[in-house]
Each structure stands twice: as C-alpha cells, then as structure tokens.
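Each in structure tokens, the structures are laid out below.
Same chain, two partners: chain A is paired with chain B first, then with chain C.
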Partner chain A sequence: MSTVNSIEVENLRRVFTRRTPRKLPWQRNRQVNGNELCVTGSDKSGNQPKTTVAVDGISFEIQSGEIFGLLGPNGAGKTTTIKMLCTLLEPTSGTARVGGYDIVREPAKVRGSMGTVFSGERSLYWKLTGRENLEYFAALYDVEPSTTASKIDSLLSKMDLESKSNEPVERYSTGMRQRLAVARALLADPPVVLLDEPTAGLDPQSARNLRDTVRSLRDEGHTILLTTHYMAEADELCNRIAIIDHGRIIALDTPAALKAGLQEMHSLEVEVDRAPDGVLDELRSLPLVRGVESHASNNGLETWTIRVLTEDSRQTLDALLDLLRASGDRVLNMKANEPTLEDVFIALTGKSLRD
Partner chain B sequence: MNNVRAFWATAKRELLIRCRYPDWFVAMLLWPILMPTFTVFATQALAGPDNSGGEVFAELAGTSDYIGFVFIGIVMWSWLNTVLWQVGATLRTEQRRGTLESNWVTPASRLAIMFGSGLTNMISSLITVAVSLIFCKLMWHIDLTFSPLLGLVFLLSTAAIYGLGLIFASLVLLVRELNSAVNFVRGMFMVFCGITYPISVMPHWMQTVAKGLPLTYSIRLIREIGLAGAGYRDVSDAFWILFAFAVSLLAGGYMLFILMDRIAARKGILGQY
Partner chain C sequence: MAKFSKWLCSQLRLIGATARKEFIIFTRYPANAVLSLIEPLMWLTPLYFMGKAFSVGGHAVGFEGFTGTSDYFSFVMVGAFMSSYIAVAFWGMAYSIEEDMILGVLEPNWVTPANRVSILLGRSIMFALLTTVQSLGVLLIGALLFNVKVSGDIFVALLIIVPMLIAIFGLGLGLAGIVLAIRRAQTAIDMSNWVFSQISGMQFPVTVLPKPLMAVALTLPATYGYDAVRSVLLGTNPLLPMKQEIMILVTSAIVMCIVGRAVFYTFDRRCRRLGTIGGH
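And then the complex of A and B:
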C-alpha cells in the first residue's frame, strides 16, 4: 500500500442552526426536548433556533488503497462528514482535500475524482431500467462515449445484475438497488469511493455480497471511506477505523489495535427476562465497571441482553447478580466474551452503538 | 466536462420517465382542447344571438375575431402555467424522487442538468400549444398568420417564461414549497395580462400592474402579429420590452439558481423535502 493520502481532513466542523416548527399560541408554554448537542437562543414567538454541532472539529487522513471506516451510532455525524466530503454540504470551518482537491475551492474536481453511494435506495430512477440509469449517470460523469456500453456491461456483470439490466429499478430488490448504486459510483473509475451505510436495510446474504464487493474494490486500488454503525462490518472490512460520537472522533486505529487496548477488560453478557432499565445506572456505578448497555435480545423470546464491560469479571459478577436479583430480574443466560469493537465503543462512551 | 452531453442525457432521461406514465399523454392531448373551449362558449354567450356584444368587444379589443383573441390568451396562459409547474418543480421533483443528491455529486454542470430536464418539459408544453392550435383551427376556424416575427416573439416568450421557471426552481431549493407561489403567480397573470379580455377594460392601476408582467406583452404581440397581421414597426415597442423581460428573467433566473444552490449547500437542505 502506498502512503499517499487520498483524503485529508483537518479540523472539519459543521454547525446547523435551525428553527423548530412554528408553534400555535397554546403550544408555546410547553417544554421543548431535544437530543442535540447544544441548544441556544429563543425568539419572541417561542420559536427556538437550535444550534446543533453535527461534526465537531474532526481530523484524519486516508491513505490510497485503504478501507477507512467511520463507525458510530445514528446521529454521530457520519453522514454529515460524507456530505461535506462529496461537496453537498459546506463545512462551517476546517478543510478537507479529496484526491488532492479542496472540497470548498475545487468542488467540481472533487466530484470528478470520487464516486458516492448514499444510504437508502431512492438515489436511482425507479422508472428507468438499471442500464438506463447507468447510461444516464455515465453521461453526467463524462465517461468516454465509445467505452460507455462496455463499461456498463462490465459493471452490470461485476454486480451480478446482467439478467435484470433491462428491467425497471422499481422491480429490483433492495440489495440489487444498492449494487446498482455501487455500479453507478464506479462508472468513472474514481480513485476514491464514499459508501454511506452501504449495507443498511440489506438481508444478511446481500450484506455479505456487498462486503465482498467492497473488498474487491480495495483490491483493485480504490480508496474507500465507509460509514457504518455495524461493528462487525467495520471490524471485517476496514484497515483503520475512526470511532465517532457526538461529532467527535474518540478513537482512531486499526480494529486490532482498538481491541488490544481492551485486553485487560472482560465483557460479560447476561440475558434477563425483562427490560432492565431500573438497574443500569446502579450497574454502571459498580467498582471496576467501565461500561454498561442493554438491548432487546432479538431472539423472538422478548428477553433482554445486558452487556457489562469490566476490569475484573470475577469481582463484578457477584455484585451484578445480586443487583439483578434484588430488582426482580430473572437471569436466563450468561457468558463472558472477548472484547469486540462494540466493547471499545462502550468503554469510550459508556453506551452502546444502538443507543 | 461535456455539458452538452449532460444536457441531452437529462432530457432523454426525463422523456423516458414521461413515457412510462402513459396517462400523461392523454392529459397532454385533452387539456389543450378543454381549456379554450369553455371560454369560447362563454364568450359566445356574452356576444348574444345578434352578436351585438361582439361588436362592442371588437371596438375594445381591436379585432372582431374574439375566438382567436381568447384562444391566444388561454393558450399562452396555459403554457405559462405548465412551464411554472414543470420547470419550477424540476428540482423539487428530484428532491422527492431522492435523486437530487446523486445528480449533484456528479461533476456535470448543475445548470445543464436543470436545462436538460426543462427541455423535455418545454417540448411537452409546446405539444400542448400545437394541439390547441390544431383543435381551434379545425373547430373554431381561427386564422393565425404565421411569420418569422411571430416565431421570434414566441421564442422570446419562451425565454421569459423559462427564466421565470428557473427563478421558481431556484426558490424551491430554499423554501421547499411550490404550490402557493405558483398559484399566486398564475392567478396574477390570469387577472392582469388580459387572457380573455383586453386590458383596457381594467381600472388604471391594474393596467399599470399589467405593464410589469411579461405575458401581457407576449399575448399582445401574438394577437397583433398573428390575428391583425401587424409588422415589426407596429409592435417594436412591445417587442423590445418583451426582449428586455426575456434577457433579465433568464439572467435573473441563472444568478438566483447559482445563489440558491450555494445557500442550499451552506444550509444543508439539498436532500430535504
């Protein structure tokens, strides 16, 4: 792998200021709740202009031929970062260069040197066939007309869409649409590919196929910036990962190095018979516990899984079981795991990526 | 970047999508027949059985061909209507489809994409005008005199109306709502531009407002050239006013588009709807 940087981001920051919807007079005394990072100001009509720091001074460099992952929960600032890098959104401050071009001063050159795949499946024309979509975007990417047809054939074949190429996209499955979106991003053979949550909403098989595609793109020499909130995906695909939360990068390293930082940690997983909301704060306050999260077990049995990251599982275990019994939670299952990227996130933020 | 290629590709894309909604063709053929017809019957009723009302109308309008008079007004207004809805909604439509951002991240000129999409809309609205013309020629025997000057006036009107559409399209990026603005503007043009009556019947202040609207000049010029056979010297004042409208609206639309696109990128509202 060469050490030339394809993407350089320095102190990039994006702040949104938006008004809440106008209220009717009888609604104005009600309290407004928000999950934003900070809320400032209020005008006479009761409308509160909210200042949200979506990306808060992030810096990183991505080397050519690298798969770089931005891992974080929803609302962490991943998509905002992608939108700034692909010139859809101007940064409030900071700089970034893609393929050597400045995203603010040379947006057209930036767009010419990258392909972007957005999250969701509405970025294609559903009334056009897969081939018509690619023909249209090939013109926008100014793919050499004499090679357009062969390029499209090759991409359709690579994405396993040949047999459906003349059918309208509205008849495609979600996975097929996502593969077509990747094909579109590759039309101009760009050195940099941005993938925003590429496997979101896909079934396991389609997601696995797409991850294979991403790996093959890296092998062909493309530099890939991938956003995801799936830890396993980031772990499996990325050469390096930046963990992002509340718009800030809180860790950046290879997956192995990130997990190695938790070698002294133990991860306990306890399955209980009901939502353990009442005891989570008490669990967090136990000595040696570095993080606690819980989620529905997703096993069809309506049970919940509590994940506890601790410096010493033996010492934590008794106190953990005592607390659960005292709160009336029935323990159904329990196991100790090797730390994962999710544990890294819990250790750094005290919460789960699902939160 | 080959902007001409992007322009044609967008026009072709939009045409293909249109062709996959066949009911659109039915509307395109029926609308131009229905629209002038109801006004023509209303005008005939007002003229009375002995056409005494028609004589008064001829005195005010400067032509006894009231069906032709009404036809031109209605067709031009319908055309404006179509362009405002279709060109004005170009970006909004892309936002709703979810495709605006995937177009905007390509290196193609955004204006080329915008104009390419507008070309298909313009062609469809021209078909509407042509159907209206054929229908009224066959049904109501209106007699329009075609001349290069008439073609030029039509071209200038196209530029002015397209400029107006571009202004609407640009504003939609920011306000994300088109309906109320289009309804207001088309209502203004319907009342003030003398669609079915000569503007001389309006109060003085309304005539002053009419002079500030490009469609007033388009309709007046097409009536005078097409129905009364006027030449350039007879209509030069109105011609150059329309020319000024066309240039300023197109330039204004272009500048506003660039400005609004920048504001949308700053505010981060491109993909919102």
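And then the complex of A and C:
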C-alpha cells in the first residue's frame, strides 16, 4: 500500500448554534408565570441559542487505497464529518485536505476529486431512468462526452443494473438505488469515495453485495472513507477504523489491533426472559466489569441479551448470576465470546453502539 | 484561449444536460404538461370580456388616452407574453432550489464540481423554451379567437426582450440564493412574482399608478421591457425615448447579473457555514 495520504484531517471542529423556536406571546407569559425563564444568555423574547458540538477536534489521515471506517452510534458526528469533507458544510475550526486540496479554500477541486454517496435513497431523480440519471450527473462531473456512454455502460454492468437501466428509478428496489448512487459517485473515476452509511436500510443480501462492491473499489485503487454504525461491517471491510463518540475519536487503529487491546478481556453474553433495566447499573458496579449493555435478542422470542465485558469472567460469573436471580430475571442461555468491535466500543464508552 | 473555450464547452454541455433533464421530467407528468400549455388562456379570457365591456364601439377610449392604443386586449396579451418570462426567473430558477431540497437531490448536485450558476441557468433555459412555445400558442389562439393584432417588427421586439430576460435571470439567481437560505419560499415566490409583474405594468399602463408606486415601477427593468415591446408591436406611447429604454435594459442586465450572482454565492456560503444545505 502506498503511504501517500488521500485525506488529511487536523483538529476539525464543528459547532452548531441554533435558536430555539420563537415562543408565541401566551407561551412566553405562561413560562414567566411559572418562573422558568431565568436562563443566562436568553434574549428579550426568551429565546436561547443552543450550542451543539457535533465534531470536536478530530484528526486522522487516510492513506491512498485504504478503506477507512468512521464507526459510531447515531449522532456521534460521522455524517457531519462527511459533510465537511465534501464541502457541504464549513468547519468551525481546523483543516482538512482531500486529494491534496483544502476543503475551505479549494472546494471545487475537492469536489472534483471525490465521489460521495449519501445515506438514504432519495438522492436520485426518481422520474428519470437509471441511465438518464447517470447521463445528467456525467455532465455535472464533466466527464468527457466521447467516453460518457461507454463509462455509463461499464458502471451499469459493474453494479448489475444493466437490465433495469432504462426503467425509472422509482421502480427500483432500495438496494438498486443505492448501487446506482455508487455508480454515480464513480462517474468521474475519483481517487476518493465517501460512503455515508452505505448499507443502512438494505436487506442482508443487498448489504452483502454492496460490501463486495466496496471491496472491489478498494482493489481498483480508490480510497474509501465510510461511516457506519454496524460493527461487523466495519470489522469486515475496513483497513483501519476510527471509533467516534460525542464528536471525538476515542480510538483509531486496525480492527485486529483494536480487538487485541481487549485480549485480557472476556465478553459474556446472557440471554434473559425480560428487559433487564433494573439490574444493569448494579452489574456495571461489579468489580472487574468494564462495560454492560443490553438489547432485545431479535430472535422472535421476546428475550433480551445482556453483554458484559469483564477482566475475569470466572470471578464475575457468580456475582452476575446472583444479581440476575435476585432481580427475578430467568437466565435462558449464556456464552463467552471473543471480544468484538462492539466490546471495544463498550470498553471505551461503557455503552453500546445501539444506545 | 484554449482553456476558456474548453471551459465554455463544458458549461454549455452542463446547461444542455440540465435543460434536457428538466424536459424529460416535465414529460413524465403528461397531464400536467398539457394543462400547463393551455392554462394561460384560462387567465386571459376574462380580461378579454372585461376589456370588451368597458369599450365603446370596440374602442377603450379612456385606455387610449393613457397608452395611445384603444386595443386593451392586445396590450394585455403582450404583457402576459412577457410576464411569463418573469415567472421563469421566479419559478424556474428560484423555486427549483426548493424543489430539489424537497426531492432530496440538492446535496448530490451540490457535491459535484459543476458550476451552480450553470445548473440553474440550464433549468431556466428549459423553462424559457417551454414558455416560448406556450406563449406563441397563446398569441396564435389570441389572434384567431380574440382578434389580437400585432403589427410591429417582431424581430426588433425580440431583440428588446433579450436584455430584459438577462436582467430577470440575474434577479432569479439572487432569488435562488434567498430560497437556499429561507428554504420554504413558495408563497414568497408567488407573491413577489405577482407584485413584480403587476407593478411593471403587465395588465395596465404604469402611468395610471399613484406616484409612489410609479416610482417603484420605474426602478424595475421589466417596466421598460413591457413598454418598449408594446411600443414596437402595438404602437403605444413609450414612457421614454426608445434608445433610452434600451440603454436602461442593457445596463439593468449587466448590473442584475453581477448583483444576482453575488447574492447567490453569499447565501450559498452562508448556508455552508450554517449547515442548512439540503434541509427543508
């Protein structure tokens, strides 16, 4: 792998300041009467600017030909980062370069050196056919007219959309629309491709196909930055992963190295017959326990899975079972697992990516 | 020079591709396409009967005193023909931004290296072409059914329309920037389009307006466009000598393009700072 950096991000920060919706006169009166308006910084009408730090001084470099993942829960700052890199959003501070171009000073050159695939399926013209969409965007990406037709044919074939190319996009499945969006991002053969939650909302087969496509893009030499909140996807695809939470990168390494950091850890998975809300805090306070999360088991039986990350499963096990029994939870199943990226996230933040 | 010609070719291709895309989408709603072509007749027919009701022996005598022609309906027809181009600036350029936001395609357009002004221009050109077809049809039907008489030099009238169109496109560009910022602008566009067309004298001579409103009318390039074209086609009395009106139109075209572009990019930058591109 070449060591040239395709993307360089240094201390990037984005703060949103939003005014709360203007209150109607009777709403203001009610609040004043209720003595709730004594907020420092509010203006005469009682509106208080709300400040949110979406991205808080992140730095990373992505080498050419690498698949780099931004992994984090919803609202962690992944999409804000992508929007800054593709020049839709200006950073509050910090710098970033894509393909050697500064995202603030040279936005047109940045846009020319990357293709972007947004999350969601409404990013195409549904009344146009797949081919017509690509023809239109080829002009926007300034693809040489003499090569446009062959380029589109080749992309449609690569994305397995040839047979549907002359049908309106409104008749496509979600997976087909997402593949067409990837084809659009590749029209100008950009060195860098940004993929924002590319498999969100796809069925397992379509998600698997799209992951194969991402791998083949890497093999062709594209540099890929993808955001995801699916741990298995990040683990499977990425050369390196930055785990992001509350706008900050809390870990950055290869998936193997991230998991190796937890080699001394054990991951226990316990299936119980009901939501274990009352007992989770007690489990977290047990000695040697580094993180606890629970989620519906998703097995159609309405059971719940508790995941406990501990430094010593032998010592934790008795206390864990005692606590569950005392709280009236019935243990249905239990197993010890190799630490996964999910465990890495739990160890770093004390919570699950699903939270 | 070679670099400029390459850039120009690329911009023309971009404008052509955008216009083509808009035309295809327009044809994918056939009922709407057909109705939009005949809609102007619906608006104009009552004015024909109103003009007829107020005329004496086929002549609108009071109207003639203001304009120099007694043919009120031909006056209105020419006004409607030109105001449809003003609508292109307001709807084809400004509203198209809101439409893209609602469809969710603004961001994919905005992350390409394409010149944003050229994207908007391509849309407006398609709508201007459709408007031309629509207006010529209306004029033809007007001539057949309502006895509209156009006796002047149509070629000179078209030459006068060109700087007015450019000025209006400049205005549309500025409005597109404002729509980018305020996002939900349909009512504002509808109102400003109506006010702009009416105050410029689409349906009546601006000389009937009270002085403060007339002062506003005289700041709008469309006022001189309507006036000059009517003077050429219908022989009405112009507000100013023709040469001066054309000078005003040409100057407005240059100024409004520069100002419109500056306004558009100012709001575009503001939206990127605030992070509101793509929301609606």
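Everything that follows uses one rule, which is that the second predicted complex is superposed on the first by the 333 of 355 C-alpha atoms of A that agree within 3 Å, B and C clash if a C-alpha of one lies under 4 Å from a C-alpha of the other, contacts with A are read in each partner's own complex, and residues count from 1 in each chain.
In this section, a contact is a pair of C-beta atoms (placed from the backbone, for glycine too) under 8 Å apart; a residue touches a chain by one contact, two chains touch by 3 or more.
What you see is a predicted model; the values in this text were computed from it and never measured.
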Fit-or-clash call for chain B and chain C when the two complexes are aligned on chain A: clash
Contacts of A:Arg111 with chain B and chain C, given as first, second, both or neither: both
Which superposed partner A:Leu323 touches (first chain B, second chain C, both, neither): neither
First, second, both or neither for A:Leu89, with chain B first and chain C second: both
Contacts of A:Phe16 with chain B and chain C, given as first, second, both or neither: both
Chain B versus chain C as contact partner of A:Tyr141, first or second or both or neither: both
Touching both chain C and chain B, counted on chain A across the two superposed complexes: 14, 16, 80, 83, 86-90, 108-109, 111-112, 114, 116, 118, 120, 122-128, 132, 135-137, 139-142, 145, 168, 181, 184
Contact set on chain B toward chain A in their complex: 1-2, 5-6, 8-10, 12-13, 16-17, 20-21, 97-99, 101-108, 113, 265-268, 270-271
Residue numbers on chain A that touch chain B, as the complex places them: 14, 16, 80, 83, 86-90, 108-109, 111-112, 114, 116, 118, 120, 122-128, 132, 135-137, 139-142, 145, 168, 181, 184
Chain A residues within the chain C interface of the complex: 14, 16, 80, 83, 86-90, 108-109, 111-112, 114, 116, 118, 120, 122-128, 132, 135-142, 145, 168, 181, 184
Residues of chain C that touch chain A when the two form their complex: 10, 13-14, 16-18, 20-21, 24-25, 28-29, 103-105, 107-114, 119, 269, 272-273, 275, 277-278
